[in-house]
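Pasting a structure here, questions to come.
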Amino acid sequence: MAILRLGYVQVRVTDLAEAKKHYVETLGLKVTAEEPGKLYLKGWDEWDHHSVVLQEGGVGIEKLGFKTHKNEDLDVIEKNVQTFGASVERMSKGESLEIGDGIRITSPSGHTIEVYNEITFLGSETGYINPYPFPRHEVGISLPALDHMLIMAEDVALNEKFFMDVFGMYPVEQIRPELDSPGRIATWLSAGQKNHDIAIVAGRDKGLHHFAFQSENWDKLLRAADIFAMDDVSIDVTPTRHGITRGQTIYFFDPAGNRNETFSGGYRAYPDRPTVIWTPDQLGRGIFSHTRELNAAFTEVYT
Amino acid sequence: MAILRLGYVQVRVTDLAEAKKHYVETLGLKVTAEEPGKLYLKGWDEWDHHSVVLQEGGVGIEKLGFKTHKNEDLDVIEKNVQTFGASVERMSKGESLEIGDGIRITSPSGHTIEVYNEITFLGSETGYINPYPFPRHEVGISLPALDHMLIMAEDVALNEKFFMDVFGMYPVEQIRPELDSPGRIATWLSAGQKNHDIAIVAGRDKGLHHFAFQSENWDKLLRAADIFAMDDVSIDVTPTRHGITRGQTIYFFDPAGNRNETFSGGYRAYPDRPTVIWTPDQLGRGIFSHTRELNAAFTEVYT
Amino acid sequence: MAILRLGYVQVRVTDLAEAKKHYVETLGLKVTAEEPGKLYLKGWDEWDHHSVVLQEGGVGIEKLGFKTHKNEDLDVIEKNVQTFGASVERMSKGESLEIGDGIRITSPSGHTIEVYNEITFLGSETGYINPYPFPRHEVGISLPALDHMLIMAEDVALNEKFFMDVFGMYPVEQIRPELDSPGRIATWLSAGQKNHDIAIVAGRDKGLHHFAFQSENWDKLLRAADIFAMDDVSIDVTPTRHGITRGQTIYFFDPAGNRNETFSGGYRAYPDRPTVIWTPDQLGRGIFSHTRELNAAFTEVYT
Amino acid sequence: MAILRLGYVQVRVTDLAEAKKHYVETLGLKVTAEEPGKLYLKGWDEWDHHSVVLQEGGVGIEKLGFKTHKNEDLDVIEKNVQTFGASVERMSKGESLEIGDGIRITSPSGHTIEVYNEITFLGSETGYINPYPFPRHEVGISLPALDHMLIMAEDVALNEKFFMDVFGMYPVEQIRPELDSPGRIATWLSAGQKNHDIAIVAGRDKGLHHFAFQSENWDKLLRAADIFAMDDVSIDVTPTRHGITRGQTIYFFDPAGNRNETFSGGYRAYPDRPTVIWTPDQLGRGIFSHTRELNAAFTEVYT
């Protein structure tokens, strides 16, 4: 585990006040810092300073951050990028708010990835001494933490190799053109035992399909969808199960049009578990287990 | 409570063997009798001889049955029909298998309704002496009981009046053209404290929109949708919540094309609870709480 | 359905301020009126003026109320009491706050029962026009409504007969000394299709074992138990299933020592469903399905 | 992640036929091999040859196995043991059925631990090509996989150090005599991101408190407890939540008296998450979140 997890996503939103309402009042994230044109947020169960940064102006992904297990991992990853042949530079403490020295990488798909080990510790809302299992007073759907993200790339196989070679991730599930093909239509990669930390689907480079938050279970998803209706959140896909990962899901949009997900369940990943392979004829069921059909908007609409 | 409940539905299916597979292996209903071209079924928690009759040939509703609380209720209901001005005739024990003397009514919408008090008692699978809460070995999604049905009628207001005047039902929820309008786009009627025993939506007379089975809860609906995918059942609407009734639902089709529902939750109805009124501008959310949109197929496709 | 439901319970509490905190902040009931030494409360999904009255001084049940379906039911019930040979008197509008004319009965077990048809209508928090399924902002465990109560009586069989003869209730489940015995150790009675509106267990006359609130499902019970831990509510029985009624339950105490319950699930009762009979050798499992053992405190401790 | 997970537990049972009935028909494990006096089992979602070995004669833990990520990890771990000063020996392929070359270690607490990288691959029941989320036909409570175990040790602090130094595990939660004390009453250790792979509680060396299986969620726990009642499984602790780990649990006994657990939920562990500390005054709530009391049997009864 060189990479602990997807540490943060930084996305552009057209209207920061509107976005704040969505992420804070409906999703229940906490504001941890504000700068002109920027808002830093975390879930109640996260200890690092932020996991979501909203940046006013436009829509889509600005950058994402991976937190390493150890400081030494930074050097190894830097070398890995160089060996792979992608672009990498050093970044200094404070270039990104509350984040220490690190490296900034551009993936083959053009996504900016910041890798760091140091970030200001804030602690969770329940604390770590004789804690209760969740906060007594919850806001909106009270999301505990960022979970994963799905980016678009023109060359999925190349980018899968990038995340494997550079970050030591491994593919948990893949959609391949044919069962034994080296080609990739999509791939789900884990850095540890999370079902996936990042996924890549064929599409426009630099694209963001969605970023996802943890949700406790299927019952919480129902409550989330009900509250989305009350708060007039645009739901893209109502509660259902993914064939891929077995997870349960709702897709919805923030006011700027970035796709969010609340994700629950899914099995624990292990590097010795065989990679699950999906073929195009079963793709509909792979994505949405119940309809067994992909709606065009799901693959074509992203930021 | 003159009427205890919707006792049975008798529907036509194009292929009895295919239908048997669906209702028995996937839905978990039990076969209680077979006749040439007919199959009698019940859920594990029902005590009467049958709640579903499948009849080979075509598609759609053949007739439905209401069970009365007492034998005397039959006379009262007969008089009510005559007063209302609809057609009614006596039916004799055995005309419908395992069912006693009763009356046969044609509703203004052209639906055939058999009303009876006597039906052969078979008992539930768990029994009534020191019982366990459910059968130790369950089949498919193991539906416990028939719940309600939704029929189509050209004149909803007239048919609502019919069910109120003749059977003593009361409207639990209504869709009205305007808030105070006497017109009805749809109505949900209860004979007791069930959320609804029968609902009526504007459409072709004699039409069947769906009949529904009880499901224990939202988790059971997820399991049902998963098993429908495994058994290749055509799902019409994936797990979601109704605004109307607050119930949770999956709509799906039997192999002949009759729409089925598994329904859970919904509040307990009382005659002193105000009738809930929905207006056309909120209709989408009334039907499907999460998408807040009616798909055309949902209102236009029925048998 | 002469009786719609258990309309309210009025219980004594040693400290009204403490009790208010429990019923309002933890259970989520709403205060609808206050008088010196008295507090009137209702759940968010109830429409009548109150379902719980707290009265300062002591502990235990002061009286309970049944709401009738129609005003005429009052006369019938009055006659039924006289025929049965129990004590009944007329009560006038306003004797009980916001409640109309009615009758006041003393059951053989010495419990005071007020029967009324008229009570001030307040309406639910979600309203009845294009409503959402639950309030957007919930307090504590946000109980929607009063469900049932369990009283103690020295002669259970006599009191069961009383509730049947006077109120037209029917026994849904019974514990009998032997399978065919006319004796009753306990009985669960329904006035409609609710699993039970009132239950009676052998014990000291005038005793209150518990009164119960509806809870949506098993997941809500987990959340309730978690919040009880946070709010230091004394839990008597942690989440489990009843064999009797199949319901899911938590028993806990209010600060004065009155036992409360949150109850979810349980089948829909019908008068043609056979009464379920429990025998003493299976009694433990009847009460608590999982431990299959009765703890002495559960039967011996009540108010 | 040198250690992937707790690979298997081998326990003694007094009667192999009785135990088989329990683990296969009630828990839903699959038999993968039988030898005289031994039974090899796995859950439906596991791919390795076995995760539970039952050995006829007596009761308690015989040995446990850890699977490494890579073959090279064996050498590192062997050196770690030597540095720590515990006993280790090489074991050869086949000494343990279907398991490759490895090392056999005796922990300070006297437990035998086999460490291996190679074990015959059988695969899960759902497979890895376009799979469904669970098997269409499930047996009993259909447990997917072994989760963790809790062993007893006279010196918890020493054994915690052993698992940290030798296997690279880290403490996720601890019970300490005082907040800053180096002493340990109990400790929960993770080898990756699982909430815990092994826990140690103060008690008799070589003791086994319980071994636990994954369960999907709180609803599955209710179903499990219901089926335990039907199958006459002795339940030790009915469905509740742990304060420690936030997990949901049922404790029960196999017919020989070994304690089993089904465990669901619990947060994802990370090495940079602060270790949660419990103090003795909150210990009851730490173990059982709802009763907030430790029953004596829970700490004193083990095998």
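A, B, C and D are the chain letters, set down in written order, and residue numbers restart from 1 in every chain.
The rule is simple: a residue touches a chain if its C-beta (ideal position, glycine included) is under 8 Å from a C-beta of that chain, and two chains touch if they have at least 3 such contacts.
Computed from a prediction, not measured in an experiment: that's the story for all the values here.
Over half of the residue numbers at the chain A-chain D interface are used by both copies of the sequence. The interface holding more C-beta pairs in contact, when B-D is weighed against B-C, is B-C.
Averaged Cα coordinates give chain B a centre that lies 48 Å from the centre of chain D. Look at where the CA atoms of chain B average out and do the same for chain C: the two points lie 31 Å apart. Residues of chain A in contact with two or more other chains: 132-134, 217-219, 226, 229, 241, 285, 289. Of all residues in chain D, only 1, 4-5, 45, 47, 67, 69, 123, 128-133, 144, 179, 192-194, 216-218, 241, 243, 246, 265, 267-268, 270-279, 282, 285-286, 289 touch chain A in the complex they form.
Of all residues in chain D, those touching chain B in their complex are 132-134, 136, 217, 219, 226-227, 229-231.
Of all residues in chain C, only 218-219, 222, 225-226, 228-229, 235, 238-241, 248, 285, 288-292 touch chain D in the complex they form.
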